[in-house]
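Heads up, the next two complexes both have chain A, just with different partners, chain B and then chain C.
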Partner chain A sequence: MIVRTVNSVRPFGYTLAGIGAAVIAGLAYYSHQEHLKLSDATFVTGWVLLTAMVSLALFNIRKRLSMMPMGRAAYWLALHVVIGLFAVGMFIVHTGGIWATGFYEQVMAGLFWATALSGIFGWLYQRAMPRRLTRIGYEVVYERIPAEIAALREEAEEAALEGVGASGEPTLGRFYSETMQDFFRRPRFMISHLLGAGAAQQWVDLRFRTVRGLVGSQEEPALARLEAAARRKLSIDAHYAIQRSLKLWVAVHVVLSAAMLTLAVWHLILVHVYAR
Partner chain B sequence: MALTTRLARPQRWDRPFDPGMTAADLEQLKLDPVVAAIDADAFPGTIPLDGILANDSRVIHYKAGEIVVREGDYGNSAFLIMSGACDVVVNPPLTDAQLGRQTEAPASIGRAISQLWKRTVVPEVRDVSRYGNIAVTETDHQAVFLQDYGVVLGGRSLPRLGAQQMFGELAALGRTPRAASVVCVEDAEVLEIRWQGLRELRRFDAGWRRQIDTNYRANALISHLQDTPLFDGLPDEALQSIADATLFETYGSFDWSSSFQRTNSDARLGTEPVIAREGEYPDGLLLIRAGFGRVSVRQGAAERTLTYLSAGDYFGLSELYAGFKGGGSPMEATLRAVGYVDALRVPTKVLEEHVFPRMNKAPDSFLQFAARPLADDSLQEWAIEERFINGTMAMLIDLDKCVRCDDCVRACASTHGGNPRFVRHGKINDHWMVANACMHCSDPVCMIGCPTGAIHRTQAGGSVVINDDSCIGCGTCANSCPYNNIRLVEIRDLSGAPVQDEATGQPIRKATKCDLCAGIPGGPACERACPHGALQRVNF
Partner chain C sequence: MTEDKNRFAHDRSPYERPNFPFRCGREAAFGKPCPRGPSAGGDCQGVADCTPFRTRKIVTNAETGEETEIQRWECRRPQYAGGPCAEGPRPDGTCSCIHPPCAPKPTIRRQRGRWALLAVGAMVAMALAFVGAAGGIIGPKPDADGILSHVGWPSSVNPGQLSGKHEQFTAKDGCISCHVGHSDTLTGWAGAIFERTTISDSCVSCHSFGEKQADADPKAQSPMAFAAHNTKFPNRADAPTATCTGCHTEHKGVDASITPMEDGQCSACHTTKFDSFSKSHPKFGANFPHESARTIKFPHGKHLETHFVDQRYIDKAPKNGCVSCHTDQVDGRLLPGSFENGCAACHELAIKEQGMVVFGLPELSDPELTAEARDSCGFPVPQLEPVRATLEALAEALPTMQALGENAESGNLNGVMSGVAALSEAQAAIAEAQEELAEAVDMSEAVSLDSLSPIAAFLLAVPADDADEYSEAAAAFLIAAAAEGQVPLAEAIDAKGGDANVLLSGLSPELVTEVTCAWAANTEYEPKQDPEPGAGWTAQELQVSYLPTGHADAVTKGWIALGLANRGSEDEGAEAFAKLVLSAGDGPGRCFKCHVAPAADAEKQAVQWVIPRVDARPFTAFNHDPHLNVLDQVAGCATCHRQLEPGETLADGQSRPGPHANDFKPIDQATCKDCHRPGGVRQDCSLCHRYHSNPSIRKGTM
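On to the complex of A and B.
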């Protein structure tokens, strides 16, 4: 029925990965040969590594210049992932292991691995989390979440007041002020939602099961309204937790990359200065 | 800095089609026999005939060899020849080179780069000094000549249109591409009427209404039949005999969007008019000319949708063919109008005489679709219920891939001066979301009520765009859009001050929507910006 689909970027990614692996193998061999000749290949491998790291940073710039015809971001991401993996290989070739000697270099190596691992984690995380968000069964734009929570809080307060008004009994008012008010005040159960555990759901189920036994028929419609608001709040909280983590991950990855790139440029300057 | 800018609120006839038309010109125009025959008293006081003629029409003098309309272009106006003559060039059509077809203003890198400094912190900034001072460019008359028209058209037997004959009204009213090119073969004086005016003329004058309906049979039917693969290779006489016997039928409401918005999706099938019913005997072949039809079969106590039909599709062929081969065969499925359907009914007798003897195998039956698992119907059922089948560039998001990063929204904003032209929110089925972005519908009902023609199809490509200069912010298009994909925004001037109506102090609004990043190379920025390939612009 849908007659137009975007081409998959997989063949592009696999091709790039093949090229990247071949380049790493070539440079590793070259580095080994230079080592046997008691020569130093680290200048070459260092420059290749820095070029790869700068290329990785270009992805962020492409995002900011999305009005420009710079190709599909999906291809850029494939390129970013492959070059990122290539950079890991190049780092090992460049340092001759996974760590470095010297304090400055160790800080740099730490940042490099933190960036690389955060990138790998993020790539996997970004593939897993969208399904979790979809399964919530409710969509909300991240920036709209505070307004949605405020609207739910208002709805919940009205429901509690309706229950009190309809029956003359304070049960629902007390339940709201003692237990639910804080629940509706802000996003709750972040860790549980992130891990996909059922703690939040269980918490709500238990509270409403308990109160249901304390309300009369006149208060039931209000209780149902309050419960519906609480269940919607669970969905919004889950969105908040997951969407926030996705945004937080990007921020961490970008900050780590910027710090590593800064140190790498300084490292390059020092190396060239002292090489003379 | 001024706190606000005040403007006279834009009105329907602020921008006459021909700003140079004088009262004397109008009087002269009313002497034309076709115009003189219009009953001015039949028009309401708010939309007088004089107002329509003065504001929605213009007289153009064409030279011999000049092209009036080009086949394939989307047009927003009809033409009445006042003097002179024109030829209708249908088959074979003129080439693009002969038609002098110009592509739209080419997408430009410069325009893309300029977005870097055109972005403003304040939303919806406009240069208000432009309003009221510039022409409506998409309807400007630019002469295009058919070179050596005498040689090109010589020897061809072409339908000729003379004084007091009309053309172009079907494309203008039906929001379809021009079916033929029209070339003046002698100097001609032609009255061009933009479709808003034509709509009123058809509505309030019985003579025009009759003439437009008659013209369809005379002008467009043969060309429609020629475009139908079923009739490929038929001799002209056979085609003419089919055309003579063909009946016109319309089901549902042309302005279907209002009832669609009022009806719950679960109840929609029940409200769709039945065109042909399962189990009954077919009464001719149904050709869909415009709109959409739903093909369904009984499934238990309900109806199961097998597929849908759109312009160019036909219904009932396999049953009629089976009948031709060996006795009666009842309809295998039911056909309903989804919204509205313009259909042509070709009687069985002419098919048996001209078409079936040439067929050497039985046509496919719709029942082939019934073989798929029931549960696999979900996406199609949803697309029909929600009328997404109307979309040619719907924004479809795979929520299982979308990380909700909003790069698409930012990309859209960055190509539109900082103002996103869609909302990443919409109806969801399973993991598919159709976001609230203009779908550039095959039947753009948003165009029906626009009083100024600001919302129109581009001539090349046919995407639906809004001319900000002629939009008066009435909101008709936004209300008509069944998908809520058009937004009205309050505009600001270049200093950031809100723009208000000088008479009432109310804000001046403009309709905005996705324009598929017209003028920006590389296609829609939203699709390009999605790093996960989750967002696609699709034709349902």
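On to the complex of A and C.
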């Protein structure tokens, strides 16, 4: 039975988005009116944009101060997403376009768009990937995956030895050492798992379908144990690929944000030196 | 392997957190991690499985009651790592389960922090490095050869290249050419953060907009520079102001236009709002675009329909329509070309014939004055000598006649004989004296004019037609002219505020002397040959005249300027002089058959001889070029410029065919809207209107 819970974050997010859109519209109107009056609103819009960008950076601090009662992370995420989209709008209002002409301003604009696009991508990505993880039917913390793989490897080696011991034939031992050992060494088929393709599944199916015709009845329990370990490894690999990508996009987003904020501060200094 | 839901229980697995900065090196290689993991500083703690704990226990001997302290090392290996080991700690308290150390690896979180710091450092380094690459905080400056070697280099200071017209502007002082707030020192640069300046102040150090003091004092700033439309509305105290940077945004690239203006920006101030030109633009002026005063009067209709079809002049008529004469393109306007190319074929000869008499030789009221003039030329003065000789002869003869009578009465024949002889001599003297007297009487019929010329009367400040009034001054003038040529004339001109060097340019002093002395000799001056049109200074009979050498003759323009300068003066002769040089006729005033004379009450009494190249409507611009291809094939220019039909009246009541009246209908706005409409050609305000009035560059800028 599917249980639907009332998501209180979504109305909060919509409300914020509405406020953000209204503020952007107001500032765009104000900026245009100033432009018509042969005046300049870029100082105002610039400060608003910088404030928004600094506010976005505070989301990272919220995660670091998770022990403090600062509200649910979901609300913070909603706030982060809305302010991020608000910053995109303010950037266009502030610059009057999407690109710049000077070298350092082009670098800054490039960093802004890279940050914004990585943020939008990540937002959508982290909404889609957890469903994939759920469909795997197996849960594991990312940090435990190496230990899990190591445990599976031990399990697989024991199964192979068990098969050899039970039959006296080296078939299962050779199958493990020549075919499966490398598979258990580390996560495999990363791209296939990321894309949700079945390359890894097919590879394992093919290998075990092949070896199954070569083993005797004494080896079958061990082979079944080995196959179970391999299939668990597929699930763990999928977790590893997806969870790692979820962490890596955040890393890219944060690094880009840090670079952009640095140039934004530089831009602020230059504006107050030259443009006043 | 069956999934064990409790495999991560606290006693079965180590406690993992995503915010750990390091992870076990073996784990990073997907091996079995050690149970202890790395320290927060990244050191391996997995060499030993545990840190044994020493316990102390007091054991009491039941027999003796002696207490003994027993110390033992206990294994503290956690349950998830297998619990206490069988070997237990060594005697020295070290763990007996020793492994080789690993090299802990930073977690993604840790790596993320490092990359973020690196990115911050890279941006700071880039900012500082490209400050230097672009010439430092003051921007590009010229090298020893005067070349701006850093222009266009990547810069972390310059937000974009300057537009083409300003590209080399910073050659001397760099960024502080405009950004005066900071100096070329780092402290001055940093201090500018807290100093508020206006860049527009720098703009008007080069640009001026008709302010009178702009050229006089390059550093002077006029509030009109920032007033709406600058000096167009100098008396509007409530005129809104604006900064230059409000419209002209620089640093947008070499090819960027920094002069665009939106319709909305006009509407922000203008009280008459309208959506677009095609929908609701205010009507053009009643005679647009001919409402402003013209400098040349040219009756197009009369020329086109009368002169150019006259068989006598048809060979001189323009062959290519309007552009035969309207050859000069200035700011998109098609102005008439030069006189030589358009008008000279028909009008040049008439100009060369429009001579003016500068001075004539008048009759003087007192013969003594004439005699003085004659004397000044070295001629004898015959008028009184014959009379005196005759009277002397008669006086001498009278005693002889009395003695003759007495001798006749007394019968003294000798006396009678000598008396008769004396009478004969006296008769001869009287006869001779009579001849001289007769000659003197002939001289009294003077060869001279009845009056002074208007120019001479004005210069001498005497009435032209009253000999009693002008004789003394004229005699003095003529006596001086006979002796010194044009000098007295030049002095008189200077006294009236004229420039004799211009007004008498080319006048020979010998000519003045010869004419004056011919008159003194009571003869008419006879030139060696009759003067040709355009001969310049000439003399004939009793007049010294000037025939213009051609169109735009400097001497003629000089006399007209003198006439204008004395227009309205109450000086004697000024009115007649002004009438001579300003009224259309045969003299200099003939110029005003085509040129427009200033109104009598005009503040500036000067003739605008050439068609001004600066548009009299500084806020309206029209470029003919793009319109030429859309003209009606038959009507041509008349598609827009339509002549008035005979008898047709303009909106202001002016009708054709007034000789100097404008004979074109106003431009019909509907004609413009045929193309300038939504979906057609652009129709924004700045297409036809300019914001600034009289924009120019101050002297000394370039």
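Side notes on the structure shown:
Please note the rule applied: the second predicted complex is superposed on the first by the 268 of 276 C-alpha atoms of A that agree within 3 Å, B and C clash if a C-alpha of one lies under 4 Å from a C-alpha of the other, contacts with A are read in each partner's own complex, and residues count from 1 in each chain.
What we mean here is this: a contact is a pair of C-beta atoms (placed from the backbone, for glycine too) under 8 Å apart; a residue touches a chain by one contact, two chains touch by 3 or more.
Keep in mind that what you see is a predicted model, and the values were worked out from it rather than measured.
In the superposition on chain A, contact of A:E154 is made with chain C only, not with chain B. With both complexes superposed, C is the one of chain B and chain C in contact with more chain A residues.
In the superposition on chain A, A:Y142 makes contact with both chain B and chain C.
Contacts of A:M67 after superposition: chain B is touched, whereas chain C is not reached.
In the superposition on chain A, A:Y274 contacts chain C only, with no contact to chain B. Touch criterion met: A:E105 reaches chain C, while chain B stays clear of it. Look at A:V250: by the touch rule set out above, it reaches both chain B and chain C.
The residues of chain A shared by its contacts with chain B and with chain C are 141-142, 247, 250. On chain C, the positions that touch chain A within their shared complex are 1, 3, 8, 13, 16-20, 23, 27-33, 107-109, 111-112, 115-120, 122-124, 126-127, 130, 154-161, 175, 179, 181-182, 189-190, 192-197, 199, 242-243, 245-247, 251-253, 256, 262, 264-265, 267-268.
Interface residues of chain B facing chain A in the complex, by the touch rule stated above, are 107, 109, 112-113, 115-116, 379-380, 383, 396, 399-407, 410-411, 414-415, 423-425, 428, 431, 433, 520-522, 525, 527-534, 536-540. For chain A in complex with chain C, the residues that touch the partner chain are 32, 35-40, 64, 100-105, 107, 138, 141-144, 146-147, 149-152, 154-155, 185-187, 225, 228-229, 232, 244, 247-248, 250-251, 254-259, 262-263, 266, 269-270, 272-276.
Within the complex formed with chain B, the residues of chain A that make contact are 1-6, 8-9, 63, 65-74, 76-77, 126, 129-131, 133-134, 139, 141-142, 243, 246-247, 250.
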